[in-house]
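Input: structures, listed below.
Here chain A shows up in two complexes: once beside chain B, once beside chain C.
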Partner chain A sequence: MLYRDRRPLIVFVLPSLLLMLVLLYYPFLENIVNSFFEIRTLVSPREEFIGLGNYRKFFAGDAMAILSLQNTLVLMALTVVFQVGIALVLALLVSAIRRGAQFFRVVYFFPIVISATAIGLMFSLFYAYDGGMLNQIVTALGGEKVLWLSDDKAFVMVAIPVLWQYVGFYFVIILTGLSGVSEDVYESAEIDGATGLKKTWYITLPLISDVLVTCMTLAITGAIKVFDLPSVIARNGAPKGLTHFLGTYMYQKTFIAQDVDYGSAISIIIVVLGVVLSRTVGRLLGRDGERG
Partner chain B sequence: MAKIRGLHRMTPQKALIYAVLLLWAFTTLFPFVWVINNSFKDSSLVVSDSFTPAFRKIYSYDQHGRIIRERVLKDEYGRDMYREYLYNEDGTVKLEKDVNKPALDQSSAFAGLMGYNASLQQDEKTANLPAYDTSSGYVYDETSDPVMRSPTIRNYVTAFTNNNVNILRGYRNSLIISGTVMVLVMLLSTMMAFGLTRWTFRGREIIKSLVVAALMFPAFSTIVPVYRMITRVGLFDTLSSVIIVQTAGNLAFACTVMMGFVTALPCELEEAAFIEGCGAQDIFWRIVLPMCRPALATVAIFTFIWSYNDLFVQMVLLRSKALMPVCAILREISSQYGTDYGFMAAAVAIVVIPVMILYLFLQKNIIKGLTAGAVKG
Partner chain C sequence: MKKWFALLLAVLMVLTSALALADGVTLKTVSSFAGTDAAADAYVQLLKDYEAATGNKVEDASATSDEAWKASVLNDFAVGNEPDVLFFFAANADSAPILDKVVPISEINEAYPDLNLTENAVLTEADGKVYAIPSRPFWEGLFVNTDLFEQYGLELPTDWAKLETAIAKFNEVGIVPIAVSLSDIPHYISEFAIIASGTPQEHMARPKTLEEVPQSWYDGMDLIHKLYEMGAFAKDVNATTEAVTSQMFKDKKAAMQIDGSWFANGIPAANMDTTIVMPFPTYAEDADKTAFIGGVSMGFYLTRKAWDDPEKRDAAVALLAHLTSADAATKIGGYQFTGKLLASSYDMINNANYMLSPFQDSMTKEARETWLLGCISSVADGSMTAKACWEKVMALKPFGE
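Up next is the complex of A and B:
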């Protein structure tokens, strides 16, 4: 009886619904349409229909686009291996100790609260050629100054802070998962003679496989959306576009080169890639987890 | 006692575990300590020894090896002076006057004595005084504070007073934007959750799935049409544009969290209130909203931090530096003052320190809020 009168419903649902329709759904659909048309500037209307032209250009005619895609994919692999990997190791270690667990939780999580922009600025101070922190260490040890953002090192140097910042995030998620594993399981395993690493490998990991899959999915979708850190440390994919990721390349193409329709196509590729990859990981590893 | 006993029980295995854990803790803390430490040093020092603690006093010296002081006195010709002395024949001081003080009247007899000729004569006699080297061009007022290369707050003064990239102004903009986004998202999402969980109507399931599906749109995929829309309605380069766009961007996540929470709330109170004669509006404001406090805290923290850190939307929708929030300002600093390391360190520290303090007090809620945001796409 209370909620039979539907008039108030409009007041409650309409504002949010309108905002989402106008600022998420409509733009999202328009963006798909835009990617099939020629658009000359950021504010000019759609012109002729070019079909899949932009997508063909991305995959066949644009070396830098392929490079940015490749960088994104490599970064994804690195996040799964290092972010989730390090987080898992740390979480297992922390769950093995009594004292200081809370301290490590708080400390490890801290970089996530800091904006990636500030962290980018901080790392550019580390990487600077003249008087940067790393080069001060190198010269103090008697070495020659190193150009940290050179062609062959730039990608790794940009990837390091990206990986480093979010380890704590997955650490907390995995730790929460570990705390859900009941002590009984370990006790019965110990009775059966499982110890140390064996216990971890055969009991703990299978039990938290759900959590690990969630982490990997998050790491992958996170890696696709990387933007702030590279755009501060290595502007416009410097040097020579070698540190472009899909996100930064999309920004560069859309808002700097004003190749708007192409930028739209790149953003669609980002969405598709994200959905496909996270689904695939979920499905592949999800089944594995059940078997374990 | 407890500690000592603990140490006795410390096996090599455990020691190794702690060593590894502390090593990672070091990597997460040291960069921030380094930056804060260097924010209190002059750039020239950051470049040469960034590892020494900033509280070690290091002065600035001029080319003669004297400590540079904040106050440099000038004589009436605009030359820098410390003090003028007049001497008797036997070398004792006859007159001592601080020439920078307005007490010196140009037409007075004293001024005549202090004039050009007088100072020329003095030069010979005072040449042997170390504090008065006329050839250097600089004579420092020894009573004023020395210019420090470390520690110094000069970088912070620059950061707060620089008209081009003013971090204080950036903070104001950030608080306006993220504060408004936070309140709007909290309110709108709770309203939406209330509407979608308490009423049954045709299309409800469709709306629910629209909310969940909206989690998957990254900002990249909507930004161009949004930019065009914002420009068309004349909101480009305004704080409201960022507020609206970020609110929409966070709604889907917040609605998902709030729906989960509101569904679980028992309806008895609401029904009792209805029998007492409350309308849906009253029930929402007086009963549902207050009861949602725990979930709202999660939404608030997540939304605020996300909005505060979201560089992409800020970069696209704002052009004027006067409107830029902290993150956009930081990016400007890195491009325009990339060689002023001290200033850059201070800029980072200014962003890090308040967050660090807030984090220390709210760490439990923040960690919970941000990991709950894990479902956000």
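Up next is the complex of A and C:
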């Protein structure tokens, strides 16, 4: 009876909708408009209309912007392979053990509950050249101190904690997906002669493909938005902007350079890229899943 | 029961409103007297004194001064959420965007002639008006841990040759010669490298085109590269942070650091007689050996929003007068360091032929970010030339058309 007349439900939906409109969609639309105008400082109003000038500058005139885009795309690929990949392997292993599964759930999920700033600080202490944990180990073993955030190593060093932090998140999601696969299916497969890896490949993975697609979509959108960890570990894209991602570069351009219109354009690029890539991945893997 | 509860709430609301009205107005303030700033406590006490004397309330949102703080203050102005009284940068690129939302001191003095607020010409803006009242001068120079120089039998770096000798020796014994993070705060060394490479007049230039950029500005960038090649900086100079390098200096793991009077306030009390400040040694022959950077860069403002509010105007003006009184100036404008450090700062100031303003404060934000964060690290390690650096910066018209 309650759901026959759905009009009262609007009362419950409306507040959150209004909040979304005011705090998310309205600023987003303003941001789109801002990206087409010259805005000189954080306080300045929109001045001259410059059309697609900021977008042209991003793709054709700003080497650092292209580098931050490349870094983001590489991180995205690494995220799918390592975050989701390692989480899948761990989830398969933990789901196969009879005792201690709960322990591993907690252990792998733990980094998620630590703030990214704290993890960033922890890793910057690991990487510190003077007195850093890694160099203390290296020197204790008789080696020479290593510059962990050098030009050629910095990207990998920043990517490692970013990848590490969210493995547990996808691990828990995949493990939950695995728990939904009926034991009957495995028993039938065993009767048909399927064992070990064959069971995983032909039964488990197809049956949790929806969960994997969701994980990959989340991983890709998460990689595009990455900001907090890199900005703590490598301030201002250190060294020399080589560890800038779209999020950190957008922050630097908007709040330090106060190139507000350009920062707006970068944020629009982040959103468009996120939507396009996550939809593409979803569709590609979704179709594969249907064929399977 | 519900009716009684509702009635109770209504009575409480009326009482609260009445109390709020009886307590006077509430003023919002913002300053950089917070965090590790040695004047933070004195500033809070000044606000409490004002509250006690007037019955008004002050909601203060002070925070440590950095780029994020500046951005948040400007953001508040942009969305109409500016405070009533604030302590902020003046007479430079940071203050330009807020001038139409703050009140010139002359206008306040005209309406309140008894106050006779200071109109310090040093803080005159481009439109010829003064909007801020200064409370604390600043200076920048080369901080030196003299005990490390004594320990290794080195002369203080009063000229370039002695600086090079010290760098070589400190490298040998595993002490970082100059503590700096080029990826975080390259601001001070960049200015001093240019002062060391040419005349004060060249440092005072505000070139509009690439052709007008003085040769010493190129030479200064090359000097940073030279220092890098000599091993004057820590190995991770392009990746560490200013917090780390400053701590190294305070812990005597680094021998020198270029910084300002705010840094002196944070030197440990035990080091007051083993740390001094002096002018950075010059490299070019025509450079002035006594020149240092200093002046007044911040002041107290009254916002137009408070001025136009008849209920707040008197209270806000009174707070401005209170915070800029002679008594307040000694409490929040004074230095907290002592000993040889204090004496050396007087020597540096008193013996100087030139006190120069940092030219980066006159640059547009975009050009300054490009110069400091987009160039210095790369010029230092040789992956960008000084010429390419200034071409990139000057394309952004740092000092206007």
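Here is the rule we go by: the second predicted complex is superposed on the first by the 274 of 292 C-alpha atoms of A that agree within 3 Å, B and C clash if a C-alpha of one lies under 4 Å from a C-alpha of the other, contacts with A are read in each partner's own complex, and residues count from 1 in each chain.
As a convention for this text, a residue touches a chain if its C-beta (ideal position, glycine included) is under 8 Å from a C-beta of that chain, and two chains touch if they have at least 3 such contacts.
Keep in mind it's a predicted model, so treat the numbers as computed, not measured.
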Three-chain arrangement built on chain A, chain B and chain C clash or fit: clash
Contacts of A:236 with chain B and chain C, given as first, second, both or neither: second
First, second, both or neither for A:128, with chain B first and chain C second: both
Which of chain B and chain C A:108 touches, first, second, both or neither: first
First, second, both or neither for A:120, with chain B first and chain C second: first
Residue contacts with chain A in the superposition, chain B compared against chain C: B
Contacts of A:42 with chain B and chain C, given as first, second, both or neither: both
Which superposed partner A:267 touches (first chain B, second chain C, both, neither): first
Which of chain B and chain C A:257 touches, first, second, both or neither: second
Interface residues of chain A shared between complexes with chain B and chain C: 42-43, 124, 128, 130, 235, 255
In the complex, chain A residues that touch chain B: 1-3, 5-6, 8-9, 11-13, 15-17, 19-20, 22-28, 30-31, 34, 42-43, 86, 89-90, 93-94, 96-97, 99-100, 103-126, 128, 130-131, 133, 136, 164, 167-169, 172-173, 176, 214, 218, 221, 224-225, 227-228, 231-232, 235, 246-247, 250-251, 254-255, 260, 263-264, 266-268, 270-271, 274-275
Chain C to chain A touching residues, read off their complex: 67-68, 71, 74-75, 77-78, 96-98, 176, 181, 183-184, 234-236, 238-241, 244, 248, 253, 364-366, 368-370, 373-374, 377-378, 381, 383
Partner chain C, residues of chain A touching it in the complex: 40-44, 64, 124, 128-130, 145, 147, 149-150, 154, 234-241, 252-253, 255-259
Residues of chain B touching chain A in the complex: 6, 14, 17-18, 20-21, 24-25, 27-29, 31-32, 34-35, 38, 46-51, 188-189, 191-192, 194-196, 198-201, 207, 210-211, 214, 216-218, 220-229, 231-232, 244-245, 247-249, 251-252, 255, 267, 270-271, 274, 279-281, 283-284, 305, 308-309, 311-312, 315-316, 326-328, 330-331, 333-335, 338, 341, 344-345, 347-348, 351-352, 355-356, 359, 363, 366-367, 370-371, 374, 377
